[in-house]
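Can you read through this structure? Questions will come right after.
Which chain is which? They are A, B, C, D and E, in the order written, and residues in each are numbered from 1.
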Amino acid sequence: MQDTKEVQTEFKPKILAFCCNWCAYAGADLAGVSRFQMPTDVRVIRVMCSGRVPPELIIRALANGLDGVMILGCHPGECHYSEGNYLTRRRAHVLKRLLSYIGIEPERFQLRWVSAAEGAKFSAVVKETTDKITALGPNRWVDKR
Amino acid sequence: MVDQTKSRIIEKNRLTELLDKLAQDYHLIAPVRDNNVSFRRVESGSEVTLDYINTVLSPKNAFFPQTETLFRFSRDDSRGFRTEPGAEADREQVIFGIRPCDARSLRLMDMVFNGQYKDSYYLDRREKTTLIGLACFDPAETCFCPTFGIDPASGEDVDILLSDIGDRYLVEASTEKGAALLDRFAEFFAELRGDEEQLREARKAGLAGMKKLDVSAIADKMAPLYEGDYWDSIGMKCLGCGICTYLCPTCHCFDIADVSLDEGGERFRCWDSCMFPEFTLMASGENPRPNRKARVQQRFFHKFKYFHDRNGELACVGCGRCLRYCPVNIDITQIIEDVTSGKAGNE
Amino acid sequence: MKATSEEVQTSVKKLFEDGSIGHFIGYETGSDSLHVTPCFLKSGQAASRLVWNPLCANNLSKYLLDFKNVEGKVGIMVKGCDSRSVVELLKENQIDRDKVFIVGVPCSGIVDREKLLEVLGISPGEVVAVEDDGDAFLVTIKGGTQRVDKEKVLRGECLVCKYPTPLVYDVLLGEAVSSLPWVGDDYSLIKEQEALSSEEKALHWNREFSQCIRCYACRNICPVCTCTECIFDKKAPRWISKANDVSENLVYHLVRAFHVAGRCIDCGECERACPMNIPLRSLNKKVEKDLLELFDYTAGIDVEQQPPLTTYQLGDLDEFL
Amino acid sequence: MSENIYLPRMATIQSMRPETIDVTTFRVTIDGSDGTGKFEYKSGQFAEVSVLGVGEAPISITSSPTRPEAIEFSIRRVGELTNALHELEPLDKIGIRGPFGNFFPLEEMEGQNLLIIGGGIGLAPLRSVILNVFDNRAKYGKIDIIYGARSPQDLVFTSEYKEWQAVDNTRLHLTVDRGDEEWKGNVGLVPTFLREINPSPENTISITCGPPIMIKFVIEALNELGFSSEHIITTLERRMKCGVGKCGRCNIGSKYVCLDGPVFTLKQLEEMPSD
Amino acid sequence: MAAPRIGVFICHCGTNIGGIVDVPQVVEYAKSLPYVAYAAANLYTCSEEGISSIKHAIKEYDLNRVVVASCTPRTHQPLFRNACADAGLNPYLFEFVNIREHCSWIHMQNRREATEKAKELVKMGVAKARWLDAQEEFESDVYPAAMVIGGGVAGMSAALNLANQGFEVHLVEKEPELGGRLLKLNRIFPINKDPSELVESIVKAVEGHSKIRLHMPAVVKAASGYIGNFDISVDEGGKEVSFKAGVIIVATGAQVLKPELYRYGELANVLTQLDLEQRLKDGKLGEFQNVVMINCVGARIPERPYCSRLCCMTAIKNAALMKEINSEAKVYVLYRDLMTYGVEFEEYYREVKEAGVRFIRYTPSNLPQVIGAERVESVRVYDELMDMELELPCDLLVLATPLIPNDDNEELSRILKVPIGDGGFFLEAHVKLRPVEFAMDGIYVGGSCRWPADIRESIAQGYAAASEAVIPLRQGLVKVEAITATVDPKICKGCGTCALVCPFDAIELKESEIRGLEGKIVSEVNTALCKGCGLCAAACPNGAVQQRGFTDMQLLSMVNALSGKR
């Protein structure tokens, strides 16, 4: 456990975003093309579908000490593989509640829908999440090994 | 017999104070009640509980921690590494409240960690530790330490033994180290009043019915059981979890693994269990102990034969933890009886 | 009427005799009068060893996995909760219904040994027998019999049990029990936890997880943990370090809770097995509660029901923030 | 604190010679010019080789103490650590602990004929013996080396065969389970080949190493040929971690393979449980 | 497999990246990463010079993995993969890191942090690259024939289109006659023509086409396989007929709802619009004076919330016809909302209104009421616009009811493994991007089985489906996705979770035939059906199922790299 108070002023979170190749990743590209400026704290991992992200990976990321994890997928009804995001949605709800149950704030794990056309939304999500997690301070569950 | 010269008493109401003091000067490890009673590092006497029969985990953690750094390394600019050993035990430690059975187990562990190759981590901690034992007068149903020649009221394997004799503890030092500690904290101890011996004997009445099995020939009787189907039903029942081995004060198996970070890392060891399939699984995929039966068999053979063959002692102190906490109630005393009575061979 | 040990013995004997089964998994008296232990029979001769009493906590269904390749049918004794894990095993093709003969026993609660000893203020050796007597247990101790209210000494899962009678069986011994009078709000303890602040929750679970010694008893005893090779034992990729520290233990327990999500039937075996008394059911109950609230799903009820995380509805909750 | 038995010495990979598609011979020198660089071992011993950050594994030493310029390990990729080793390059650093375990009783074998039987990567520890006795050629009688692998591509140390065959009173018999168009040698399993060669047990000590199944049938064949169990020597493989008899996993009965082995006579093995 | 030797190429992209990110610093950093054998910067990696520098370095430094850190894989991945392939490296040993769109362009004000982020992204890319495996892109032959299910106007249009392009077509129609719903219509809007002209010409063309094989009356009983290779079996008049097809077009149409409202089926002078057309067509309508039509009967209600779109126009068309037959007749159309989309339809509506048809708006909370005992005598309606209740004399009540899914849609969906949406109509892969395809490759959809469509739309969709379907037929080969799922049968426990989540039914539980595992029930991936979404890999509890190119190992390595672990 880390004392969150001490380091708050200097704190820059490290946030991971799994982006679906067909929507959010393209949305992030569009945000880039549009030169929307945003905080530098989010790192993107491209997956073919938001449904590829297993809960183990999110739990591992948080236990590794990352301050937040996002899954960004296609809006309901728009999954390239028809239903991946619906399964993601179910899994994410259960996981989010479980994480929150052991004291990982809900803000630290988010599922958001960002289409290929929503560069502005991508940028807004990045900003909003960064702000929220910065306000929360560092992840309490920090791995040392 | 109480040795008048090396013995003292401490009033019960002064014990917390003594512990506070000990905690200032030493790493004090003592039983603490949380979800369970276990030995833990304590900062003050008030954290300590003495209301327990035996802890869930034995104090082996204090000498052989579940996870322990063997060395750290850092990467240098080229392809090299710099290594530095893991931390030495940084301070003298006192284990307070250790039971005679657990104290005996350390003697058995010493046989493993000493020898041709000396395990400096274990031995260093051992050397820097003073054991303050607590005599057992109210054993649990699962206790059978007399089987292994352990007197639950004796201080044979500790530096100092405390015996609860009502309003006070009888405090006996059985080693130089123990005597030195008594001297150092002399202010807490008083001279004997004279009735201590009598009071202690009265308390020993509770030990009368303790289970004591005859294990004098067990190692020999184990040998023919290597083949045969005695272990089938035990292996069947066993879930292959690590409870019995992790809670056992004499089990010492460990694994070694690395942590790798950008800047360097460490090699650590951690408890491992012969009940786990991976324990003997080779990289090639072969496993000399491929099933639960083989693993159960190894555990009991190790305790009652292999360890004996190597070290002349049985690797069990009769603490009863494996029996008490086994979720499927595999009963080590029953196995001893089956083996020694010859029943095991005839099934 | 509750089934008796004698009834179990007679009926198992008969099953062996008429060739219905070639093996039987049941309970026999364990190391003392407060313990039972799993018992494996190959013939009816030893059926007299079998017992059925309020100490029969073990969920034996996991042992069915060890009998996949034996000749003939395997008979097994199941309580209500155990039958639900049988349903889960069937659902995931882990056992063949045609090779299993299920002897169901309605159950009106299993004794929590530690609670019983504490309530009576006695040591285990003093107990001679424990019998079911409606809303209480009759505890025979040396020198007399005591009646103890069930609510004081039941196992946690029995206090919230909704399925006391097996849901799947070939034969049912004793009368079905439709509901247990003491069962109220299943999730009151979970709700208390949920109401805590993140900081309090983290503190609480940090303390709990730091106690874990990773003996894997909770996993190994879990009737729905059936993987050929568990991801925690895998080396590549290595999901979890063997080093025992809080964050690794966190990964272990959360992933485990997630892996049994929608499959856990709250038999309580994980918590019973845990030597460190970590409140593991709390995690599983939390997931169970969410699956019920979000997707109206209860595990272990119906073999045909699709697991909740393998399906979806267009109208599932979509709000995340 | 006394010496840390778990702390490896750093060593440098001088070269890596591919033997087969998955076996490489690593030539290694121990770092340090102040005399710590010395590494004294005997044929049959093993070392704990580590890649820092990945782990450690027991590897038999394949070089001979008679050639002290470098230590050699022939390593097959089978697991995490051996994979990591294969991904290193010359001049990379590895860790070495040891040498550990017992060794072949070369002194006792003096004056005798030697029958060396290897299968697959099992030739690695035997090569240490082979080079050792070559360097002390006068002390031993006739040397027969029988070596087999699954296919011609799986034979190790092929570049040295010519040299071996040129040694006095020495014969190298090669066999493969499956030949190919270019293979002119024997095709067949090692135990069968051994029976065909039909070596005399007289004044001969046999040492063998290879896959467990091969060892089993080789021992059967040697028994048939009249070798006594004191004269059949083999080396065993077990999962090991510490290498120093503490971690508890490599025991067969009351023997620890890392301390009391890995070299055992058949007689010793017969006294152990069939674990 | 040789030890990983990773080459890392960091792109300046002119000043796009280089102007913000300190590229030389990132290059130096890349060199320090594990398994990186070479790292360099390019001004433009995608330029000819950049590409040749990659090829050159692969050979010169014996690289077996390549990481390019530049722009987005969505545009440039094929280019760099080809460069690898040209240099003899499997193209799947390439990993893309996006430091332009995801870094330099969005952090223009913060060069230091942008550089740090670029380093971390490169580190993650390298961590993944270390675990990349070569993949093969399988190709499979396409059998040059199509099956079209449904002999209505959509199906016939599709069949003709494909046949005219020279492909064999099996047209499967469940009725004994081609033409579908069109056969029952009297006139078609907005041109007021008898549809039989149109139908006859199409039917004639279909029946006479040498490339079209008619199966009639016939229903599909079974279909297995995947794009290029479907094995189909149909029940043709009680006889089983089997054939192969490379593609399938579903154009099974829809049916008209027969309502249980307004005493339909009870009173003789209550008809549906379709009944009316049938009578007009057969000349059996008889005399009428007061016609009331009610729209949205059984549509846009809770159990059937959708608008069928065609019924308004049908009502308007038939109202006009009533007026045409009997100019004295009073014709009322009671509607909720009018769906007269498009210029022509709006115009048509206006004309009909001018011709004297009266349109009265009602609300669902206040439905029209039928008055009369033996027959309808009048209809009482609350006119919402005039805020008054009217009683309209009526000797003919005509109900406009929606198109509803065919009863056998579910059966067909099961056989073809294609999805059905909420209302019971077939569900296309993507409403905008892939409107006439199913998510499953090689199966296409058009006409009213997908959603109520009028004749023009049906024909257009039939053609659209055919033009999608002809692509694989023409190519003769289909590339099977390389990023597919794999199963390790040793650790698979056969629980079937992966099969349950697979949207493409690409996973089946089967008895293993692998040596040592014979008879074990394990999951098996049909690579031809797998689309590489990875849902199965995420659902598998113990990692027995993996997704090529996105394995647990690769993803976890990226997460660990970001966390400072190696």
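One rule holds for everything that comes next: a residue touches a chain if its C-beta (ideal position, glycine included) is under 8 Å from a C-beta of that chain, and two chains touch if they have at least 3 such contacts.
Everything numeric here is computed off the predicted structure, so don't read it as measured data.
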Chain pair with the higher count of C-beta pairs in contact (C-E, C-D): C-E
Reference chain C; chain at largest CA-centroid distance: D
Label of the chain whose CA centroid is most distant from the centroid of chain E: B
CA centroid of chain B to CA centroid of chain E, Å: 67
Approximate Å spacing (C-alpha centroids) for the pair chain D, chain E: 63
Centre-to-centre distance between chain C and chain A (centres being mean Cα positions), rounded to whole Å: 36
Centre-to-centre distance between chain E and chain A (centres being mean Cα positions), rounded to whole Å: 29
Residue numbers of chain C (touch at least two other chains): 231, 236, 239, 241, 243, 245, 309-311, 314
Residue list for chain B, restricted to those that touch at least two other chains: 255, 257, 259-260, 265, 268, 272
Numbers and ranges of chain A residues touching at least 2 other chains: 56, 60, 64-65, 77, 83, 87, 91, 143, 145
Residues of chain D touching chain B in the complex: 1-8, 10, 50, 52-57, 78-82, 91-93, 95, 212, 237-239, 241-242, 244-254, 259, 273-275
Interface residues, chain B side, partner chain E - complex: 260-263, 265
Of chain C, residues touching chain B in the complex: 30-32, 35-38, 40, 58, 62-63, 66, 123-125, 207-208, 211, 213-217, 219-221, 233, 241-245, 269, 272-273, 275-279
Residue ranges of chain C in contact with chain D within the complex: 235-236
Residues on chain A engaged by chain C in the complex (per definition of touch): 1, 55-56, 59-60, 63-65, 76-77, 83, 86-87, 89-106, 110-112, 140-145
